[in-house]
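All chains are identified by letter, namely A, B, C, D, E, F, G and H, in their written order; residue positions are counted from 1 within each chain.
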Amino acid sequence: MEFIIYLAGEIHTNWRDKIKEEASRRNLPFRFVGPMEKHDLSDDIGENILGEQPNAIFKDQAASDINNFRTSVLMNKADIVIALFGEKYKQWNTAMDASTAISSNKPLILIRPEQLHHPLKELSNKANVTVEDVQQAIDVLSYLVE
Amino acid sequence: MEFIIYLAGEIHTNWRDKIKEEASRRNLPFRFVGPMEKHDLSDDIGENILGEQPNAIFKDQAASDINNFRTSVLMNKADIVIALFGEKYKQWNTAMDASTAISSNKPLILIRPEQLHHPLKELSNKANVTVEDVQQAIDVLSYLVE
Amino acid sequence: MEFIIYLAGEIHTNWRDKIKEEASRRNLPFRFVGPMEKHDLSDDIGENILGEQPNAIFKDQAASDINNFRTSVLMNKADIVIALFGEKYKQWNTAMDASTAISSNKPLILIRPEQLHHPLKELSNKANVTVEDVQQAIDVLSYLVE
Amino acid sequence: MEFIIYLAGEIHTNWRDKIKEEASRRNLPFRFVGPMEKHDLSDDIGENILGEQPNAIFKDQAASDINNFRTSVLMNKADIVIALFGEKYKQWNTAMDASTAISSNKPLILIRPEQLHHPLKELSNKANVTVEDVQQAIDVLSYLVE
Amino acid sequence: MEFIIYLAGEIHTNWRDKIKEEASRRNLPFRFVGPMEKHDLSDDIGENILGEQPNAIFKDQAASDINNFRTSVLMNKADIVIALFGEKYKQWNTAMDASTAISSNKPLILIRPEQLHHPLKELSNKANVTVEDVQQAIDVLSYLVE
Amino acid sequence: MEFIIYLAGEIHTNWRDKIKEEASRRNLPFRFVGPMEKHDLSDDIGENILGEQPNAIFKDQAASDINNFRTSVLMNKADIVIALFGEKYKQWNTAMDASTAISSNKPLILIRPEQLHHPLKELSNKANVTVEDVQQAIDVLSYLVE
Amino acid sequence: MEFIIYLAGEIHTNWRDKIKEEASRRNLPFRFVGPMEKHDLSDDIGENILGEQPNAIFKDQAASDINNFRTSVLMNKADIVIALFGEKYKQWNTAMDASTAISSNKPLILIRPEQLHHPLKELSNKANVTVEDVQQAIDVLSYLVE
Amino acid sequence: MEFIIYLAGEIHTNWRDKIKEEASRRNLPFRFVGPMEKHDLSDDIGENILGEQPNAIFKDQAASDINNFRTSVLMNKADIVIALFGEKYKQWNTAMDASTAISSNKPLILIRPEQLHHPLKELSNKANVTVEDVQQAIDVLSYLVE
């Protein structure tokens, strides 16, 4: 039995690689999917495909069409969602993806540094599990197949 | 025919009053609900009811239980959700509520200042309508009953 | 017991008035809702609220945001949907609304002139009832409360 | 991980072959399904199986039973729907299939020539992505697995 | 609090009147809806509205369109469904309506004479309550508001 | 791509074998499931497992628990349901299974001899396709993969 | 705006009266529903309506048919569910009702004495709010309308 | 065709092994999943991953987060749920899991000793099948594939 895990969150650091490596090291039966991690491509994909847009807002709109398309297709396939929040960035798309997971009955692990507990308290309250780092998230995943 | 509208977003400014007054001025058949707007009470409600908690994180957890309970009950009643984002605060609970509205097939109006277009692009893309201020949101609501 | 009926279809002729008058004449317990019927306003509503858009496509996009918002809110309230197709216009939004009604388990009456039977055969097949004119649609509605 | 894609739209040109060839050329993990593409068979299938019908309307009705059956079975299997609109034909079944995809939470790519933007504005507004040709649709699909 | 009750079953005897009278006698807060009880009208409604059909099968098809439309609208409104089976008639539409109630999470009371227990065993097994006559059904309804 | 087909209907004749043989002869990618076809076992299974019951009604109740369990598990797996009605037997469980298929969005083929058109008109109206014999049902299935 | 609240839990003490009185004292816009509170009637209702059953198990089965019918009808009407656990009794039906509330997206308040925290930890974890007595539950309800 | 079966219930005896061995002996195409069966690990998993908690209640809360996460992921995969109740323990989580199965349309077999019939009567009433021991449960499973 294999589990598909969608990794929602920022695409500026390599946190996804850490999860994948650790899962591989522990031989866990997980397959990971997630958003486009090449940041420039993620921002430019709308104009790359549809051509130049009138201004930055419309450029963003074209890109978000395609990024949300990708997220919807892959999250539909997922058994589990992990959403990571960090100190930087607004991360409203991460909150949106985490909330979509909850509404779709996909179990959700939230990763956030302790100091973010206050602004994330409502989302943490709805997540199945809240942990503080990637290592703890892997520990939760491991428990699944123990 | 009356419409119930849940007003999601920060509780530090009086933006909800502006919407209510304008709706009243235009005689619109809307009833507004939303989160607890007394900020201190919203933070303290967990300890107020359940007693002192071990630390700030558990205090937050107790409060979010009850705040999410309120939001769930009232949003279940709502026909429409309006979510406002501003320059300040993390507002991840607002993103969560907006996303819940989308998943629950409740039409969503997003209000955000133009300069926030980039971090809100994915959520804006899923909202039914994105506007820049409270006045435009009321204009959209008015169109409903014209 | 009152029934709310969403009237989907073109907004260039007064077919909705005929239904409303006949329902009123027969004292039927129906309340009718539908799209914005002022055609210019329907096309301009996006720019009216959000300001001038870069070109005709973006103008349309802004308008459709708000028109779809209206349709979603009102169709959520509806017990029944009537969709009328005529000889003129593409009417793809009518087909979309009719299909949404079917997917939402809202009983659907399709009105179409006999000569359109071929291109509408799949949609007619999914509708609960297909009739040829407004008078027959009212007859079906009347049967509901006989 | 393989994705099943339902290709909705007219069956008079070979646009589906172009998508399949390009997907094959790029080695994309997609499997394509769609409506019966033999146009005469699609029109005659009702009478072929059930025998001669009283007139053209009933012949259409018998055919649409079986065509909708096929569409329902295959669309239930699909992860993604692509709907193509062209200049010719009423294409109300395409609009119906596209709307069914939206209601079923199946991500939707809409292909339409730019000049059709006005009559398709509401459907385009609900689609995840709107593009202008088959090549752009393949580009969106490719982004999914990059 | 009022409850709407759909009364599914044959339309040749006056069993619905007995339920309505008893509910009225006991002052129960119930409103009853159901299929067209004028048997001839129920059979002829298709041709009455749509005109003469090619043969008896198509006449039936036209009538069932409109009868199912009525059932769908009224059952959507219902809180409870009562389905009565008797010795006569095929009553497959009653079984269909009862099964629809179960699938729609509408509590179902099945009324059947004891001697029908064998052919109704699977449907009885899915119903919330199975009773043997109208009087017992009213007793179950009364328990609801005791 | 394989399709799982649940074959609902009486278990006194070998109509399922005919479908399976024809599907096999035509090399169709279908796997068939259905109710227990050994009639005595189907009636006795409750007492076989749970021991003697107080009377025939309770014996039936125990059997229907287990027969409905089987049907639910296998129908959940099915992509398509075929329901066959014949001249004999009450067949209310077949009507129940057919209606469950419709409510669960599982495409349904109804097989019934022409002379049963009147009592089956409402169920036929909701089925995707109604045919008169097993051969026609296989023809519809074949069309799916042509 | 009125809220309907289903009060699940044991029927041997008068805890429901305390909630109703306090809600009345505070003028809260709540209407309370719940299971049959006359304990003997609740146990005997099956035999009262359906006649004597073969043994205690079948007597229980007949009663539970009707008790579950009542619960289903009333819980479908409810906006909120409160489930109370005490020291005595198995209370598996309370756990079942609480879990049904969660699955039906009905916000749930769990009341349990502190010493029951261990056996209720999984259910408490899924409830929106867990409190220790009736007074705290009323405090949570009050917060809803503050 | 393989079936995944979630085994809900106490983790103090080896009843799951009996089911697995018997299924293996009979060559049944079943794969079994269930909760963490190492009792200490199940209680300690929260603190093991998240560190020491302020007291026993918060320790339980942390553990139940992760135990419910495991249950949700695995039950989402399951085709069938078996829930066993014994004489000992509160077993409210078992009742919760059984009720979740019912709400999720996953067929449920309840195992309970006869003497527990009274407190389990409502849950038994909603289960598909109630049996008295593991052997009977396996007999029901076997019937599925006979």
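In this text, contacts are C-beta pairs under 8 Å (C-beta built on N, C-alpha and C of every residue); 3 or more make two chains touch, one makes a residue touch a chain.
Just so it is clear, the structure is predicted and the values come from calculations on it, not from any experiment.
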item: Number of steps on the shortest touching-chain route linking chain D and chain G; value: 2
item: Any chain in contact with chain F as well as chain G; value: E, H
item: Chain whose mean Cα position lies farthest from chain B; value: F
item: Euclidean distance of C-alpha centroids - chain C vs chain E, Å; value: 31
item: Chain C and chain F, separation of their C-alpha mean positions in angstrom; value: 38
item: Two or more partner chains touched - positions in chain F; value: 65, 68
item: Touch relationships between chains, expressed as pairs; value: A-B, A-C, A-D, A-H, B-C, B-G, B-H, C-D, C-E, D-E, D-F, E-F, E-G, F-G, F-H, G-H
item: Residue numbers on chain A that touch chain D, as the complex places them; value: 4, 31, 33, 36, 38, 41, 45, 48-50, 65-66, 68-70, 72-74, 76-77
item: Chain E - residues contacting chain D, complex; value: 54-55, 58
item: Chain C residues within the chain E interface of the complex; value: 1, 3, 79-80, 105, 107, 109, 128-132, 136, 139-140, 143-144, 146
item: Residues of chain A defined as touching chain B within the complex; value: 56-57, 60-61, 63-65, 67-68, 71, 85, 89-93, 95-100, 102-104, 114, 116-126
